[in-house]
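Paired with chain B in one complex and with chain C in the other, chain A is shared by the two complexes that follow.
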Partner chain A sequence: MDAPLTWIGRNIPRLEDPALVRGEGRFVADIAVGSRAVVFLRSPVAAGVIKAIEKPELPPGALIITGEDVATLKPIVPRLARFNYVPIEQPILPRTRVHYVGQPVAAIVAATQREAEDIADQIFLDIEPEEAVVDLDLAAAPGAPIVHPMAPTNTIVEGRIRTPGLEAAFAGATVVELDIRSRRQNASPMETRGGHAAYDRASGRVSLHASVQMPHMLRTGITDCIGMPEADLRVVAPDVGGGFGQKMSLFPEYVLLVWLARRYRSTFAWIEDRRENLIASAHSRDQHHKVRAAFDDQGVMRGLDVEILANIGAFSCYPTTCGVEPLMALAEYAGPYKVAEYGAHARGITTNTAVMAPYRGVSRPVISFALERLMEVAAKRLGLDPIELRRRNLVTQFPHRTPTNMMLDEASYLETMEKAVEVAGLPAFRAEQAAAHAQGRYLGIGFSVINERTGYGTPAFAARSMEITPGYERVEICMTPSGEVEARIGASPHGQGLRTALAQIIAEETGVDVARIRIIHGDTDRTPYGWGTFASRSLVISGGASKLAAAKLAVKLKRAAAVLLQGEESQVRLEGGMALLPGGASISLDAIARTVYHSAGPISEKIGYDLNEAATYDPEGTFSNACHVAVVEVDTETGGTKILRYIVVEDAGRLINPMIVDGQVQGGVAQGIGNALLEEIIYDADGNILTGSFADFIPPTMAEIPPIEVHHLATLTGASVLEAKGVGEGGAIAAPAAVINAICDALEPFGIQLFDMPATPQRVRAAIRTAEETSP
Partner chain B sequence: MKPAAFAYHRPESRAQALALLAEHGDEAKIISGGQSLVPAMNFRLARPPILIDINAIPGMDDIREEGGTLVIGARCRHAHFEKPVSSAPIGLLLSRVAANIAHTPIRSRGSFGGSLSHADPASEWCCVARGLEAELVAESTTGRRTIPAAAFFQTIFTTALRPDELLTEIRLPLFGPGWHCGFAEYARRAGDFALAMAVVACRVEGGVIREARVGLGGIASTPVTSPEAVAVLLGQAPSPALFLAAGQAGADATSPDGDIHASGEYRQDLVRAMIRRALTQAFA
Partner chain C sequence: MSEPKTTVRCTVNGQAVQADVVPRMSLADMLREEAGLTGTHLGCEHGVCGACTIIVNGAPVRSCLMFAVQAEGAEVRTVEGLADGETLSPLQRAFWEKHGLQCGFCTPGFLMLATWMLEQPEPVTEERLRHVLSSNLCRCTGYTNIVRAVTAAAKEMGKWAESAAA
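What follows is the complex of A and B.
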């Protein structure tokens, strides 16, 4: 008899939350209290030659470190094997040139942050400015100023794909062309970056506590740059206040902190402020796409041909490389749609701007914006209802092989859309819209259908030809002599409630209460090598490994119970902290654990001397999917958009903890709404950043986010041992398209189509003004 | 983002504050709510060597009515106006305006006088003071003077206050019977500084507008008035068409500054809409 499902699928309150709501979380800045402070002096110019760095007289104990002092440190150079890729080098601190505003030029150490800032104020930085190139299209154009001499066309990475029948697909077809622009974003985690590096004189080791998503990878990257044994560095990600991809990459600041700790045999801390985070951490999604699609007279998309430009900033992010945006767009452009013939040309272009790195959804919010705008515009051209056009083009047969050789596993693209249409009450809305229009009000509804590649292991990254191929996860599980379960994981949560979800999975397998399960994470001294958190992977991969490891532990426990209860191993059931036999005989797991460790006796012959197990999981990946609906009102006088209703119909397969899933979706949608309406990092033509605070780079606040209704379908997939799919990014991927489609629907009377995001009030109003001026 | 070092004084009387100002002049800055000054200091855009904190001075946040005038103590917090401070039309107007200023925590510290002294062109109180022709009272050890709002706002972040002067009072008309007041602004997010705003006050007698004041904020280096909009309103009966015409006249007469959030052209559109909406609210 199988154990009844007791733990999976329940809204267990997050085990993480009591400490967080009591203010007892431990973030880097909590750990750093009282340490000597490091402040980075950052380049005020986008491109230039360093002539001199004149240092003031320093108070005792203070230090100024420049590129000359750290000339032995190796630069950060991530590599891609295939594709056209130029391995540009990012210095820890530059000696000769600066490449973007915000690039660290010197590190200042003082007793407090304020004193370090006082010293920074007095440093005279003599940089001879050179012509900078900032704008993506200008940088890609012939004759543009060159950012790195190694890359004379500013192209750092380039990929191409073209199926043989592409041209033929366009012949005689209805061809729809779009010019899609996505403006630069900042992921804006609530907690900024920061690190605390402590030297241990006894062992010669450094412990770096840092607000990061990939502690093991960071350790490898830092020790490679410094040329020190990896074993002499411990990296710990304590509580992390969000990352969204921004905290995946290796940054020079962390290398420098560890270098300082070793060089001065002391402890140093750097806590990034918000201005630095906006200017100098990592940006994303500054992209320009040209899309051509061929539809036959039935409205079936026969061909898709895209030209993708991504602004990668001044350097290539480590470990993903700057291929992460353009090559993802190239590989995943078709989304949930069938397309027989496909062509893509993707380029990553370097400019004198902050470094691009992954941000929740990476290129997919832009792709889905393009595809979902395409569906609307094409429907209009073809005289079809846009929902009907989607019906004719969504993938409905699974598994489905895409033109770029990805396997779409079982999903519900069509079903989520139909359900969304029903929940939204489309016919009733159309009546409401007409009534509002009669009063001079402009309501609109927008749909967006997406799939989200999640939980992909090494095969997917190998296909990208990254020198570093992430993907697998290992979980080491152990029952202590007193019966608690400890699971050491290579993944590293950054606020998403992974501890709770993994505990539920382990509880399900072992019958141990979640309250007695400890998930140990984010510490390279205490966890197996792993890849941290990104790409909607943790639940699928680390959760999958947790299940596999816990199942092995369960076997051991059953075997031990069979010996102790003198029963059949196959008949033992684990439940409620007990091992039970059908006849009623039972023993607590605590008692089993005691016996195994302390009075092993005959059990050792069956199971050995411990209750340790481990498993590694490296799946191909599974696609979750969703349909989002936004209902908006556009104020035509101001161009402002108010979201009246927001609906998500999500399919993430089996839900381990639905409340956590809903939280992921809602948070993602909030970021997507910011992406659609508000957020834009802006540089002037000289590369000065104009959005250095939350007064100018404006994420949505509570007032801008409507309640978000989440509905679930559950397609159970064999592609994940949990039958669960990832959900980390879908909200952010689908929302921009839904919101902007809704705006265009509202502005249908003006014939307005928007292809530039965010759809700021200024852009929307400009479109309305043009429409008013051209049509009397 | 830590401020540069500064000396700090917390006088307990107005006289002490004025004496400190007289002594330190240019070197010193008053701190009232600190909601503009402290961020500027943290960014090190402002580095005052001396701060004079007026929060311990009694009576600086009094509000009283004197004849037809509302007299507001300079340290009166924004939040104080969320409920009408007077039963005259100005009370309701100020409460409508206050709801647009920043967020609750900022409103509970930031002050009316601090906003005027700071003279951010997108400040609601500056727009109200200019548009409704407030008088501002400044004091120093050498005496007390009254400055009309038109002369007070000189350019962005610059007022007629001398370095040794403390702003102590703001005097606004209460607006008696027959007056209708309204305010409208457009900000990108709730609580953001507005991209454009308009304040209006009109006196109606015999069904037509006899007197009108229209103030605009967020569109130039200081708050401004719109005589062009006023001209359209005078002598006319209030109506939606009139409000739109006043908005159009007001917008046509401006050539607003552009920034990353709003081009000049876009701000002009907003001026038209905000005048229209403020008038609509006034006569609703």
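What follows is the complex of A and C.
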């Protein structure tokens, strides 16, 4: 059997998949089958005072838990170490007031979910409604109803930056102003939230299996709220059916489940339904930006000044805090462009709505929507081609320091765009577009150039002044006495194929076949403390730590081989499960492992008594980048948009498993297309959600998503020990701008410019109607 | 508060199954809770997402929208019945090889719907594939690799037809 020359860069079919295609995955609802069920009674009003919770007669074994019963539980209080941040307390269950529709008010326990739901229906919940404030702009306006008394302007977090020359940059310049609106979204993983808390009477410990992205953080957060020893809680993320950021946060439901398990020394499960998920899990991207940009007569952007409002909902999410959206927007607004002078004022505004939490890309889909709309509108004002305008403004010299002090490492902003223009066949498209227009059809093409900050460790999070500063990852690697490799990681993948990618990295270093490598993750009893999987970080950081740990293991194996083969350590090569010397002497790694553990004598002097190694990696971060192109046809009768072609030219540096990278990009693009065209959580003025099912909040299907072509460039950077950059979010970041730019290009004959996403058929039709009414 | 139960007898993946169920129990819940077949996943329980798709008497069905008692005497097929022992079905293998899944939660529903489609007499074109499979939601893959996987399986099974030229 020929050993492969390299494991890196190969499309290894995923190690995760055989169980999943057989239906043998273990998701939390599978573990919960047969357990006593917990159902949450949720507030039907957006703001009000709890007057009474009248309980019905309960069948044996059933329970109703209210805020009074859990008064000893500490609230969730995420903190930023900033003077302009107001910490607000999120109760596990409220005793006096409710703050949004969907807030859990009571927990009902019964033998089955059906019975618990019946009991919930019989509870008389008496809440005296108060005036709610739902809309972002209304909440930010003077005199608005106040959501939390400690934040009298409804501003929970605020940030400002202003470079000294900003005003001068605008003097005499061509000034372009945009009003950008992004509507509220729900990440909508296919698996909802859920947890299963089991009490072990022998040890007094609780095992919580939960559909989460950050099991270690959750453990700390839950035990802080309960005031129990952290060591008495084990958190396990089993198979997790997608997260996209929604499953990062600590939710009251999980605290309550663990409390129940300890209080009643029993096992309880809560599996969220889709309506709850849409209403009460976490939302995102409800933002309003006012953008002013100054261009000189050469089309060079001299200044950028933005006013950012983010609706953070009723409470601040833990651990990222509600700063995650507004402060990221403030820090990363310049994107891939050179911005000499910069000003930003960002505010997180609290409202009587569900809690905002990170969602794939966080603020960057909105930022890139704003910047890429800006390029189009400014080009028109300046009489320049929009591609040419981007050429004049993209960063081309690296490293590049942004106005907010981020260092952009080596990347290919210009090159990906030029390649995308070429792949898209822009001149040919323009001819096709004109021919179609002659037949009354409206085709358009849209571009979007983005960078994506990935794989950032504690330095980046510290800059955000988070009390809890995530970032590093640790990998503990071990060769068993039988020669398999186990790697225990702090990251917590949930669909990204990380087990496969890390196995490839470890195989590359150690010469052990990927089939004999086990990646152990998502279990606080078995893995080192780590931050989980989010923010396009795991391949870079956990992968980097895997490489470093595996390299140390390889040193040990070579040293042992040198002893056993009586050769030079520096000449030992590890390949195909063997340690090889140039002269042909060899020994299997299995034999080395047995010898180390079972015949320790002579070798122990050189390498000790085990084959365990570990490494921690905490990088500054590295920026991947991409240019996306959408080609669309807009039906001017219905306002509907059909995407005819979608092209991505991306640069993620060295690809470990290109098939997985393409999958990440394609999945992100589909979410971005959903964000651009369809998905919108809608509240009425009283704070009731009108989009409580997938028939109302509409993720795209195969009918809406065209084949997504992915092309690669590879800029290798020293900012990552693997020379790999993250790719988790880029698809979602770039797609809304590309799609809506394409719609505007298609509607150019009407002079329509859209600044509100999603560009639903209703919005597009309204714009066409307005254009038709105002044109002669 | 003990609800009256009804006995349901059906076959699931060729095995006789008998369960005493409350009348309001869905077929999906019966499969998961009574038959121990947790491969059928519940993504929305509104009949929209298709994660719970199974095959009942030769037709694809949202098992969240069908009562267990309606399956009396039925022939039910679920994802657990697709593989022949250790050997994956061509469609399962294609999903693996073409990276047609990421988190894997929606996968059983897609596999069952596509299995049904591939068993129909009419050939599979890209139009038909997209039309049929647009019944189900996937949030991870962006669908590109699901189309590739089903296409590859259809070709392997001799079910593929190139679309009529546009």
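Here, the second predicted complex is superposed on the first by the 770 of 776 C-alpha atoms of A that agree within 3 Å, B and C clash if a C-alpha of one lies under 4 Å from a C-alpha of the other, contacts with A are read in each partner's own complex, and residues count from 1 in each chain.
Heads up, the rule we're going with is that contacts are C-beta pairs under 8 Å (C-beta built on N, C-alpha and C of every residue); 3 or more make two chains touch, one makes a residue touch a chain.
Predicted, not measured: the structure shown is a model, and the values here were computed from it.
Taken together in the superposed arrangement on chain A, chain B and chain C fit without clashing. Touch criterion met: A:637 reaches chain B, while chain C stays clear of it.
Touch criterion not met for A:718: it reaches neither chain B nor chain C. Contacts of A:17 after superposition on the shared chain: chain C is touched, whereas chain B is not.
Once the two complexes are overlaid on the shared chain, A:765 sits against chain B while remaining clear of chain C.
Chain A has more of its residues touched by C than by the other of chain B and chain C.
Contacts of A:27 after superposition: chain C is touched, whereas chain B is not reached.
In the superposition on chain A, A:240 contacts chain C only, with no contact to chain B. In the superposed pair of complexes, A:114 makes contact with chain B and with chain C alike. Angle at chain A between chain B and chain C, computed from CA centres in the superposed arrangement: 40 degrees, to the nearest 10. Residue contacts after overlaying the shared chain place A:204 against neither chain B nor chain C.
In the superposition on chain A, contact of A:703 is made with both chain B and chain C.
Shortest separation of chain B and chain C in the overlay equals 5 Å (C-alpha atoms, whole Å).
Note: residues 114, 118, 273-275, 693, 695, 701, 703 of chain A belong to the chain B contact set and to the chain C contact set alike, using the contact criterion stated above. Against chain A, in their complex, chain C makes its touches with residues 1, 22, 24-25, 32-33, 36-46, 48-49, 51, 78-80, 82-83, 88, 92, 95-97, 99, 101-108, 111, 130-131, 133-147.
Partner chain B is touched in their complex by these residues of chain A: 112-114, 117-118, 121, 273-275, 637-640, 678, 682, 690-691, 693, 695-696, 698, 700-701, 703-704, 760-762, 765-766, 769. Every residue of chain A that touches chain C in the complex is listed here, in rising order: 11, 13-14, 16-18, 20-25, 27, 29-30, 33-34, 59, 114-115, 118, 188-192, 239-242, 244, 273-275, 494-497, 659-660, 662-663, 666-671, 693-695, 699, 701-703, 705, 707-708, 731. Across the complex, chain A is touched by residues 1-5, 43-44, 186, 188-193, 195, 260-263, 265-266, 269-270, 272-273, 276 of chain B.
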